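We just call them A, B, C and D in the order they show up, numbering each chain from 1.
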């Protein structure tokens, strides 16, 4: 079994127009910059994929990664908890121009909906957002005298994630808070693509230390010394 | 912060009559034998705690651990997926005599109900058991054309678990398949007691390698060279 | 009822046949007992990754006697070893793999399989101590749920039936049945015969089956080596 | 409306006061921005364990400039360090801690707090780009949800009100409010005054508050050091 691919370009080659794409990362940590930029390269060369639905905690920062994807007009909809950041101009401009749709989801509900998709749970009840406008139109049910909101699983066609170590069977570890949404997105997407900072042989990752077992990963590509979104933005890098 | 206690006896001293107790372990691996036996010692000395509801995958094996707890008449009810084992005579005798109640739960539903309790999810939908007698009386709802069964969270007053490394803040690692239900039971119980094979200083467990963060653990006790249920049963040990 | 023919596949031979349909790299869960034998017969050049409910992906052969570590067991509580690239996880994550549809194949035993794909394999009725384990989860999780079984019971009763008489494990979940006499797919609520032992006639096979066997396509010979 | 008195607590002083109620060993989540200051004022001999939504328990002070590792950040996207005994976990596990009631205290900012415990702190209305983050989860998770806030808005409007006018973050969730003038508990649908600055009279405080302040017990002086 060998899930490795030679380059980010190969890894993202199959992502279709209109696809729902989960992208790992929270703030500047964990964003799979090279995979996202490979997707932009493909779009610039071929005009595809467009009209993507992107699922991430944020809506991009600065002018790299998801922000660059949005700036290119590749994103039709964002599902996130916090689209308003220090520099989320790319999103805000499109949003205010009515060129991008937004589904705002509380962060814990976003995480749990993604996890539910990966775990085969089509719906669950949460206290979060009860009585607020984010629960409008949703089924409410009481348990033990307390009201809860029914939330649905959130699936994706593709997940793009960044990991630290990976083996060709797809087992992954992460680096500190770069872990964030990646393990659950890997579970929830039909096709999970991981960029790993170092590819190792199966068995080199201690079975106790595997965070994402290979069953959740479909393709991986080594990107040694990957870019760090926060560092790029502090250097005011634009992509492309 | 120091959650360590000097002995298993101290750790289980507060468990009340009628308590619901989750017990880690699957088959012969992961059972917190010393904690369970401390509970039996207390019962033999004081007549308490009795009428316990025990949540475990199985219903005890041989004449140690949960089987010994049952044989002492300390258990009023078992919630488990698989009470029929090679040597589950202690349970079977009480069950057939009508002296112990059984709630049979599919294994994945049992795990998810426990996890839901730990995660603040009072109910969720699963395809498991739909159309079977184990779904009788439960709410059914269709999602995307497929029927699902609503299941409720499963909480406990106490969890007794066995871990490998632990620090005084309660961070835990496990040993191979002894992990099984322990991490989710630690989340689901109001009071989680862990026996650890080795107590280490905070910081000695790599933050990336912590499986159960200390927030889920209330008390821990070092039991160096703990007994292994399978090994005890192969040696036909009786407790007490 | 026709008597079962003396020529039939042994359990290991049924397991061998089932193993031939497992692709290289497939993620597979094998039920406790008889289905566990399937792991022994992976075709040359193919390596499946075996999942165990109690939190392992990538376990390997049984250790030699005396080498067991009882903290490294499978769902059947048997000692196992690890293959390179194995991983441990807790029970909720393990059943997320199952329920979430991440397994390619689950192979289970059966008391009865109905032409609708319903399976009964956990309870023989109201007497005795009930035990379900992970079977009800597995039938709703894997992309393909296969059953391996004798074609008839020890008393000669069909195990492939119109409607299960025993308590169900799952509804409409089984897609293929490997028996001691045949390979039968379940498609659109009916049994479709794919392979049968050359020594048994279609009519005899039908008479040992509790529901109509359909043959919309060719029926191949079920040929299994001596094992 | 009475003008706000010139004497009031600064934000750091409000944070200091809130920090005094955090027990040794408490698990605490501090909202982004102003609430983050609370961590600076842990009383001598007490050590809380700080949780961050993005998957850390036990983070410590900010690193010195130039020493930041941008893979080690908190929910406010600021670089942090780790204390001994820290742990990393993924986002679903992180919010299991929150929603599952495992945190002892969450301290959040507020636009408005109602006497019913309702909180509005995520949206100032239909204009602009909405963003909610983890606030709606935090208000339903922690055992104790406290708010730190100016007593009135910059325009002098009360922030402690009968009913919130802004979109809600949560219903009936806040149990204590630390303001620039007072410490107020929320009990049985009413504001209960516990402490106030000695320099302000009860009547003046009441006039700056949008709902009745009850005093079923003694009202202590709110005394905070210069910081």
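By our rule, a residue touches a chain if its C-beta (ideal position, glycine included) is under 8 Å from a C-beta of that chain, and two chains touch if they have at least 3 such contacts.
In this text the structure is predicted, and so the values were computed from the model without any measurement.
What shortest step count links chain A and chain B in the network of chain contacts?
So the least number of steps between the two chains is 1.
Please identify each chain that touches chain A as well as chain D.
Both-contact set = B.
Contact counts by the stated rule: is the higher one at B-D or B-C?
Between the two chain pairs, B-C has more contacting C-beta pairs.
Distance-wise, how many Å sit between the C-alpha centres of chain A and chain C, to the nearest whole number?
So the centroids are 36 Å from each other.
Return the distance between the CA-based centres of chain B and chain C, expressed in whole Å.
The computed centroid separation for chain B versus chain C comes out at 30 Å.
Calculate how many whole Å lie between the centre of chain C and the centre of chain D, each centre taken as the average of the chain's C-alpha atoms.
The answer is 56 Å.
Two or more other chains in contact with one residue: find those residues in chain B.
In chain B, 112, 115, 119-121, 126-127, 174, 176, 207-208, 211 touch at least two other chains.
In chain D, which residues are in touch with two or more of the other chains?
In chain D, the residues touching two or more other chains are 56, 88-89, 92, 95, 98-99, 140-141.
Which chains touch, pair by pair?
A-B, A-C, A-D, B-C, B-D
Spell out the part of chain B that touches chain D in their complex, as residue ranges.
Going through chain B, the ones touching chain D are 1, 115, 117-121, 167, 169, 171, 187, 201-203, 205, 207-208, 210, 213-216.
Name, in rising order, each residue of chain C that touches chain B in their complex.
52-56, 69-73, 75, 77, 88-92, 94-95, 98-99, 118, 128-137, 140-141, 167-171
For the complex, which residues does chain A have touching chain B?
These residues of chain A touch chain B: 112, 116, 119-127, 141, 143-144, 146, 148, 152, 173-174, 176, 207-209, 211.
Along chain A, where are the residues that touch chain D in the complex?
Within the complex, chain A contacts chain D at residues 26-30, 57, 81-86, 88, 91-92, 95-96, 102, 104-112, 114-115, 126-134, 174-184, 211, 228-231.
Mind pulling up the chain C residues that touch chain A in the complex?
Listed in rising order, the residues of chain C that touch chain A are 24-25, 27, 47, 49, 51, 56-58, 82-89, 92, 95-103, 140-141.
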